[in-house]
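Letters A, B, C and D name the chains as they come in the text, with residue numbers starting at 1 for each one.
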Amino acid sequence: MDLVQIEELIRVMRKHRVGEIEFEDAEIKLAVRFHPAGVALAPVVSAAPVAAGSAGPAAVAAPSGAVVKSPMVGTFYRAAKPGSPPFASVGDRVSVGQPLCIIEAMKLMNELESDVAGVIEEILVDNGQPVQFGQALFRVRPA
Amino acid sequence: MDLVQIEELIRVMRKHRVGEIEFEDAEIKLAVRFHPAGVALAPVVSAAPVAAGSAGPAAVAAPSGAVVKSPMVGTFYRAAKPGSPPFASVGDRVSVGQPLCIIEAMKLMNELESDVAGVIEEILVDNGQPVQFGQALFRVRPA
Amino acid sequence: MSKPPFQKMLIANRGEIALRVIRACRELGIRTVAVYSEADRSALHVRFADEAVCVGPPQARDSYLHIPNVISAADITGADAVHPGYGFLAENIAFAKAVAAHGMTFIGPSPELLGTFGDKLSAKDAARAAGVPLLLGSGGAVADVEEACQIAAVVGYPVLLKAAFGGGGKGMRVAEDEASLRRVFSITTAEAEAAFSDGAVFIERFLPSPRHIEIQVAGDRFGGAIHLGERDCSLQRRHQKIIEEAPAANLAPALRDAIRSAAVQLVKSTGYTTVGTCEFLVQGDEFFFLEVNPRIQVEHTVTEQVTGVDLVQLQIRLAAGDPLPMRQDEVVVRGHSIEVRVNAEDPWTFRPSPGRITGYHAPGGPGVRIDAAVHEQAVVQPYYDSLVAKLIVTAPDRERAIARLRWAMDEFVVEGIATTLPLQRLLVADPCFAAVDFHTRTIDQWLAGREP
Amino acid sequence: MSKPPFQKMLIANRGEIALRVIRACRELGIRTVAVYSEADRSALHVRFADEAVCVGPPQARDSYLHIPNVISAADITGADAVHPGYGFLAENIAFAKAVAAHGMTFIGPSPELLGTFGDKLSAKDAARAAGVPLLLGSGGAVADVEEACQIAAVVGYPVLLKAAFGGGGKGMRVAEDEASLRRVFSITTAEAEAAFSDGAVFIERFLPSPRHIEIQVAGDRFGGAIHLGERDCSLQRRHQKIIEEAPAANLAPALRDAIRSAAVQLVKSTGYTTVGTCEFLVQGDEFFFLEVNPRIQVEHTVTEQVTGVDLVQLQIRLAAGDPLPMRQDEVVVRGHSIEVRVNAEDPWTFRPSPGRITGYHAPGGPGVRIDAAVHEQAVVQPYYDSLVAKLIVTAPDRERAIARLRWAMDEFVVEGIATTLPLQRLLVADPCFAAVDFHTRTIDQWLAGREP
């Protein structure tokens, strides 16, 4: 544990208004205590990283959409076969279980069904492009 | 962890108004406490590292004595030759420039003179013992 | 430089062996594709390959062992060959077949040979057919104590009585003579019945202090077969090798030659077309076939050091159809090499010790080779095997190799996780190591004696 | 193991060479004492030696170069031998004498031999006496243009006109023939007068594209002297070697033999009793004596790799009075080895780049040797030379050594400080390297051409 991590710990303590932490593992033993006066913390306004608290700290960076990822390695196709219309395009409303694309793997065509309902905001992979496991394919705004 | 890092840690504590940290790993054990007077911390405004002085918390571990170190590598002798009385013993009052011991190096006897005035509190090396560059030889309470 | 044997190699593995294959490919002019699980995103084999494909979540069965994803990774990157390393899919027949079905070359044996050597019985049949000595035994369960005595009379005492469904040293008993066999037979069957709900027992000749000697072999498509000397891998902890060396010390020349010849004979008789290892147990002046591993082994390094032959490059070239590049008499064993496997394990309990490496310094200098895939701040994952690094030292003779190994081990620093190094330092410092006074049970006995 | 030649060795150095000597001592059974400055408290040579003594503050002149403190460190620890490494006190006659005066053995030549080879003129005298070819020149300043022309006629054109007090390539001019010499003579003397307040100029035969070839030699107290083959160290940046190899490639066998013989002849004629290097310049089919370095050199590693001889152990044994352990015909050069010096310097300006190493990964695997004394989080001190690590690759031939070197350099990661690796990667990838189309000025010319 280095200084950066200790400071991060202190930040977490402040955020949650923890007065005291003791920590011990195979490598280190660490104790951090704010003074029990408690008040000491109240008037802090300036500098510090947070200040956040009062209003609603949980309003953290809400990701604007859900992402559908590839569950396998293979080649991404937007349509069932060349010339067919694509399963889904930007702006389309999709429901759970609706086919979004095909991933070809080991010469098998695997239909990928949506696991969210919403509107397709962005298609992140071009037709015919190889995809890895876990690669983001579609961004969907949940509805 | 060196002085720079300790100061950095103190800065982090001040920034976040942490009262006390104890830290221990395989190499070091460290405890830093601001005095619980509490008030000591309250008026801190400037963010700057110090301001400390006023109240009294900075009365940090004042080392109780000066240390005379070896300026060379060699063998430490308390007396000019075997059988002679030692140059200095615990409790003796010494002045600047007064010989404290001999360091034998390359068959030359080098008299080591005190660079502080005060009372010898402790002799840290036994007669005839080898000493490295920078090794602490005497602890002197400055007078 | 001669034409690369392949254009692009997918390496279906991770850790030090993936790095080893990448290095061989770079020297051969072959481009490389790494595969990795989500836990290995920042692993060195991903960093040093030309391309990398994520093939699944951390669990090996869903990534490194997931055949469709690994094959697809080769497909989408246009690889024309697949190297399986060791472990994972290296001896998986379905995988080898899938690689071939997708028009790529599997760097290893044919599926048929994998079948022959993957099954203990057919492997023994092949050895028997090649005239290689086998350890005598009942082969299967014995019907009753009378059959046991008949077999034991043929096999010769002492014999080992083994519960058919036992394992890990449980349900085994040694009988010194017929009287003792009759005495322990009923106990062993009763115990087997109680412990494994099946009283079936095998009988086998008991070797009290065997050495594990293995021969590195190679064969080509033109009927050529050679050996590259032997390795002594007797220092094992519950059948896990932890120190290996080449050549084997204090092995009578006639015995050494007989084992080497047996291995080549076996390879020749099976139409073997890759590199591999024939493993034997040696007791006194006898040796017995154990198994054939038709793949690159962890300890191939010590053979490389003393023969000067790059076994991974040889394996790749043989898979491409090249003939063996040397005759038997051109293989010269020179000097002595010892490998220490640094595993992320508690040195006394051998419990895995995954975690972040907070401090790392590998030794260097003359005669020191390090095959590793870690560095300071690297995380040893809990999902895979615990091999962290291989320390290989080479010197003109065994005595100097041991002297070198001692300082090299002392200089090897791994902080943040436990490793087997403290145990190995003690072993190498023990007079029995210098005296070659050890066998496959030495470490287990030594640890048992240490416990109280 | 044979009796250790010494009981305890003080190593009057730091960095990788201190570690190198510690390793050699451990194999010989000699205990080790490290010395260190206050800046090196946590250095690896301090950690891996049996004892360590602080000899002064960071500045080298007050610690590693401070003879009384270094000698006293040997005294108080009871060392019976002192190894100076290279640099620092390795060629300091006063130090060698002090070591002897304190009853210890200096691992190196006698003070007399240090004197012979420490002085350029006496070294040339020794070479001349041994019949070793020297580069012709005026020897001292020439009086006037007429004398210059007379000397040039003997030396042969082109000649180099050099300001006696110049340096770093300043104040030098090449004359192709007598007319051009007459033309540039007055300019050069005038420039020298203006720049260095002294118009004295030397004249010397000019070699347009010499290679730096050096012979590793060793001699014993019984008149024995052998060479261990040559190294090519032509790739230099302002006389600083940055890539070295053994053996030298594309060197005509007759020329190679002549240089080797000249080196052995020189060593024999001076009663040389340690290891060392005779350096030569080679132009076409001629070679010329440069100097003798009577110490272990940074690039000794490549010779160790191809001969299998541990030069540091040999050096220690020779200092102990042992005879040479092999005859000339037992020295066999096998394979090819290349060393890359990884310096903490800006790769283009060569400005030192000390600081903390925040990320470190040295390559491993077959044929890779790393001699270094750093690790992640180590601090490269600004007080000492900038060598961080030596990467040495060895392979059966030069082509394969280069292939190996390429991946090894790509795998070498040093973060937090600048290193020379980016430059060396380009050099090794350049076709001129594979074609052995380089000389001592290649890098400087290449960098100059690159600048605009």
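Note that a residue touches a chain if its C-beta (ideal position, glycine included) is under 8 Å from a C-beta of that chain, and two chains touch if they have at least 3 such contacts.
Keep in mind the model is a prediction, meaning the values are calculated, not measured.
Among the remaining chains, D is positioned farthest from subunit A, on the basis of C-alpha centroids. Taking each chain's centre as the mean of its C-alpha atoms, subunit A lies 53 Å from subunit B. Per-chain CA centroids place subunit C at a distance of 43 Å from subunit D. In this assembly, the C-alpha centroid of subunit B lies 58 Å from the C-alpha centroid of subunit C. Those residues of subunit C in touch with two or more other chains do not exist in this structure. Among the residues of subunit A, those in touch with two or more other chains are 27.
If you sketch which chains touch which, the chains form one closed loop in which each chain touches exactly two neighbours. Two chains count as a pair here when they touch; such pairs are A-B, A-C, B-D, C-D. Within the complex formed with subunit C, the residues of subunit A that make contact are 27, 72-75, 105-106, 130-135. Touching subunit C in their complex are the following residues of subunit D: 1, 19-20, 22-23, 26-27, 29, 44, 48, 301, 304, 308, 310, 335, 359-362, 364-366, 368-372, 375-377, 396, 399-400, 403-404, 406-407, 410-411, 413. Considering their complex, residues 5, 8-9, 12-13, 15-26, 34, 36, 38, 41-42, 47 of subunit B touch subunit A.
Within the complex formed with subunit B, the subunit D residues making contact are 38, 53-57, 63, 68-73, 75-77, 98, 102.
Those residues of subunit A that touch subunit B in the complex are listed here as 1, 3, 6-7, 10-11, 14, 27-35, 37, 40-41, 43-44, 46-48.
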